[in-house]
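Before I ask anything, here is the structure I am working with.
Labels run A, B, C and D following the written order; every chain starts at residue 1.
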Amino acid sequence: MVSIVALLHGPDRPGIVATIAGWIHEKGGNVIHADQHLDREENVFFQRVEWNVGVGADLEAESRNFAKMAEAELGMQVRTVLSNERPPIVLFVSKADHCFHDLILRWKAEELRGEIVGIVSNHPDLDHSAQEYGVPFLHIPCTEECKVEAEVAQLDFIRENGVGLVVLARYMQVLSENFLNDAGCPIINIHHSFLPSFAGAKPYHQAYRRGVKIIGATAHFVTPELDEGPIIYQDIHRVSHRNGVADLIAKGRDLEKIVLATAVRRQLENRILVYKNKTVVFD
Amino acid sequence: MVSIVALLHGPDRPGIVATIAGWIHEKGGNVIHADQHLDREENVFFQRVEWNVGVGADLEAESRNFAKMAEAELGMQVRTVLSNERPPIVLFVSKADHCFHDLILRWKAEELRGEIVGIVSNHPDLDHSAQEYGVPFLHIPCTEECKVEAEVAQLDFIRENGVGLVVLARYMQVLSENFLNDAGCPIINIHHSFLPSFAGAKPYHQAYRRGVKIIGATAHFVTPELDEGPIIYQDIHRVSHRNGVADLIAKGRDLEKIVLATAVRRQLENRILVYKNKTVVFD
Amino acid sequence: MVSIVALLHGPDRPGIVATIAGWIHEKGGNVIHADQHLDREENVFFQRVEWNVGVGADLEAESRNFAKMAEAELGMQVRTVLSNERPPIVLFVSKADHCFHDLILRWKAEELRGEIVGIVSNHPDLDHSAQEYGVPFLHIPCTEECKVEAEVAQLDFIRENGVGLVVLARYMQVLSENFLNDAGCPIINIHHSFLPSFAGAKPYHQAYRRGVKIIGATAHFVTPELDEGPIIYQDIHRVSHRNGVADLIAKGRDLEKIVLATAVRRQLENRILVYKNKTVVFD
Amino acid sequence: MVSIVALLHGPDRPGIVATIAGWIHEKGGNVIHADQHLDREENVFFQRVEWNVGVGADLEAESRNFAKMAEAELGMQVRTVLSNERPPIVLFVSKADHCFHDLILRWKAEELRGEIVGIVSNHPDLDHSAQEYGVPFLHIPCTEECKVEAEVAQLDFIRENGVGLVVLARYMQVLSENFLNDAGCPIINIHHSFLPSFAGAKPYHQAYRRGVKIIGATAHFVTPELDEGPIIYQDIHRVSHRNGVADLIAKGRDLEKIVLATAVRRQLENRILVYKNKTVVFD
């Protein structure tokens, strides 16, 4: 049964929960999940609410009406989706293939509420694998000289396919601020360290030199400040003096796969709100 | 500011959330936390809701009225408490002292929303330490022959002090079904294994013999079936072939402290509902 | 540079380490790793030692001579392998494909020191995927009536290919004691629970009913007693009242992949000794 | 039975293990633990070896002779201790008391192979508690103006008591380079973040602002560069958008206790070697 999911946030005031629950009930709907959060420091109210509509109701109209009400009466910013929407996803990759295989296999196993519609890469290496999976592969070389043209081609693909989520699955290029502005959808990156430790290049080499006893991976939304975007999910793995850089890289691969997949899944399930460079993740 | 916390559960039906939020809003209250859960298999709705009442409202009366409404209109079972209630707690201990020290120090550090009013033990060993902490110590020997009398004395203490939570902090005696019926409050036990593995006596010895690579500890409510009560919290620690039974016991002590303290804290914050031998823990 | 790895165990006595290190040094070898363990309860000494041989030495002869010495002089049971040996591996699968994809992709990414030479399945479902990976697929139906014939066919495949490791990658059939005796190589299984909890069928359903707060997966060697073999590796994931059986199964898939892959890798790196239904894993 | 523990490191060369094991065997000793590590990048060999000496042997003489041999013949740096040595420990504290209680209770529970001989604090707050535990308390105020005098008093205490380990158990003052040079023993600090993230002041506030999903604690040796010393042990705890700074601080307390205690225990068991600002921890 298709349900409506709404993500809201805005200044807290008395009666928000009652107004929202009352509105849904009045229209014959039934709340099946609701989770809220109050940031007391900022006085901002966040909510994710999911409901089944009454018999015969028009889902699209109901969504629009809800959003209008919550904006007008409660001053909230609202995003609504239907539970059966499956936004087109594009994966950006370079040469490393572990997150690429992992996400495609999860998609084929129906773990992801979206459709992988293409692979964009600055290297040709994964073309053959993408073909075997039956996913279009776009090789867009991206050197310093042709970065602008490359991003134009990337944005064309995004627009033509109505992409709703870009996933940087170990894509080894920095995206320009222009690209971020024009993409028109969220962009999730996996950074192979426990941010804010070891931002930037070669984090496992940095971790090895510092002699840390735990390594990590971080999935975050991409913003113009490199590796500074809102963090969605992190996980860690213990290491010891026995582990050289190659071991950290190998252990890190498993971390990266799970951390990126978790973040992508939560985004596709509409569980994430961003506020002031932080995330509220309703799980 | 004192708030009201209500824990409800009952058969699901449309409009519960709206009715509850509407009632609170109508009385001038403001919801500051709300978390719900729907067990779709059993069709049971669970909620924890916390709210500030309107200016000048009578907290006790408001609590009673809310409970009446939720029972009458929604068919819910309801428990309400005020956020500043601090129920008397009694710790049952034997000889092991790590959970004993840990809970008392957390209480003194104001981590627990309750008051430790006494230590009951079948051994005299911790009498001196209890005195240093300024907590009354009741030595009630409890051999097979005098178990009935011992439980009478324990129940007297519980009743006289209006105890709201009994914590078995490595208490090495099985409580009778009579005791459980008459205690009149929840009883939380720490079992030093990852239940349902290694129920019963000497779990670390059992774990060592089986050659497990991870040990655990489990906090659960006590029911007549030994080590079969609803699980509240569990945690684990890795072990290897290098660890003998003594190592498992030592590593386990840290687990037991944290697992028991977490369970006790959640109970005192009124975050736990029990249904069909399982817990719903709103954190 | 190819090195020799020896795994030894036997009754402890003074001078074992000195004898072994002395023997290697005398032959012009150089120890590059050595790890030992003394089980004080059983008085058994375990060692994994890896060394580079002197210039011009014959690796095979050196291995044989070492084993002879350690058996004759020290009363040890010895297994030696060369670091570049890559034993043939066969995966047994049924319908679930997550461990299947995971192991094959790790093999292709050169994470495994062995060669996957075939997939054996009682169902035809993964035939196509196996072909895409270029791995022979043997569909051997295995109902109650034809179990004996099926095992004959399986053993034929194992013998013909000189298989050195059988991996039950979510293979949903019990192997007979005959099969275990005749296979002539270790057999690793992944059980989708935190053993010894929830042995047998449908462990996630059992875990859900018991209301555990942590689920696990266990890789172990297969022995005639179902789910009772020596445990190699375990890992866990937190769950809550929000997770239905389907969630446990989904979260469990990631656990199963990593736990099985870790166990297989350690076996292929010759890091595991079995003694009295327990493992010594040198990592 | 008292054993000798030796920690060695130096340039790798063939035959080190054989020479050491041979020497011990020849003197009638028996190795009960041995663990080694080869840093292939630096070509440095590290070993921890523990052995029982032959009947009637002089432990002190044997230790000295071993060290001489390993230095002269193998070019190693060597430290030897007897397994029953219990070095005097001093805890430096300020106002926070959780690590203070934790370490003292572990010491009283005989988890630590050392003797806490005193508490040094720049605040008087824990004087009473120290007295109850029967441990001398030195209140040494330490403002900017009197820092030099304060450190003189601290160093006097260290020298007079032959202190072998200084533990900064949430001591909120930076020690001068002079102090570090003159202390004459290792100094272990607990930093309440997952270093290198959030070095410096108020790490939980920094973590909250950055919106991390995991917090950590780090035990490290103190060097002149603040929070840059060799890391001994780290651990982490998940947090979410629901956790304010106060929650991070509360969750962090449990982390800090366990991380600091683990590091102190390993140091007292002579399991740690430091090389190039990193640690080799033999566990």
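Brief remarks follow.
Just so it is clear, a residue touches a chain if its C-beta (ideal position, glycine included) is under 8 Å from a C-beta of that chain, and two chains touch if they have at least 3 such contacts.
Source: prediction; values computed, not measured.
Chains that touch both chain B and chain C: A, D.
The most distant chain from chain D, with centres taken as the mean of CA atoms, is A. Counting C-beta pairs in contact across C-D and across B-D shows that the higher total falls to C-D. Per-chain CA centroids place chain B at a distance of 37 Å from chain D. In chain D, there is no position where the chain touches two or more neighbouring chains simultaneously. By the touch criterion stated above, chain A contacts chain B in their complex at residues 14-15, 17-22, 24-26, 29-36, 38. Remark: chain C residues 97-98, 101, 105, 109, 111, 132, 250, 254, 258 touch chain A in the complex.
Listing the residues of chain B that touch chain C in their complex gives 37, 39-41, 46, 194-198, 210-214, 216, 230-236, 240-242, 244, 277-281.
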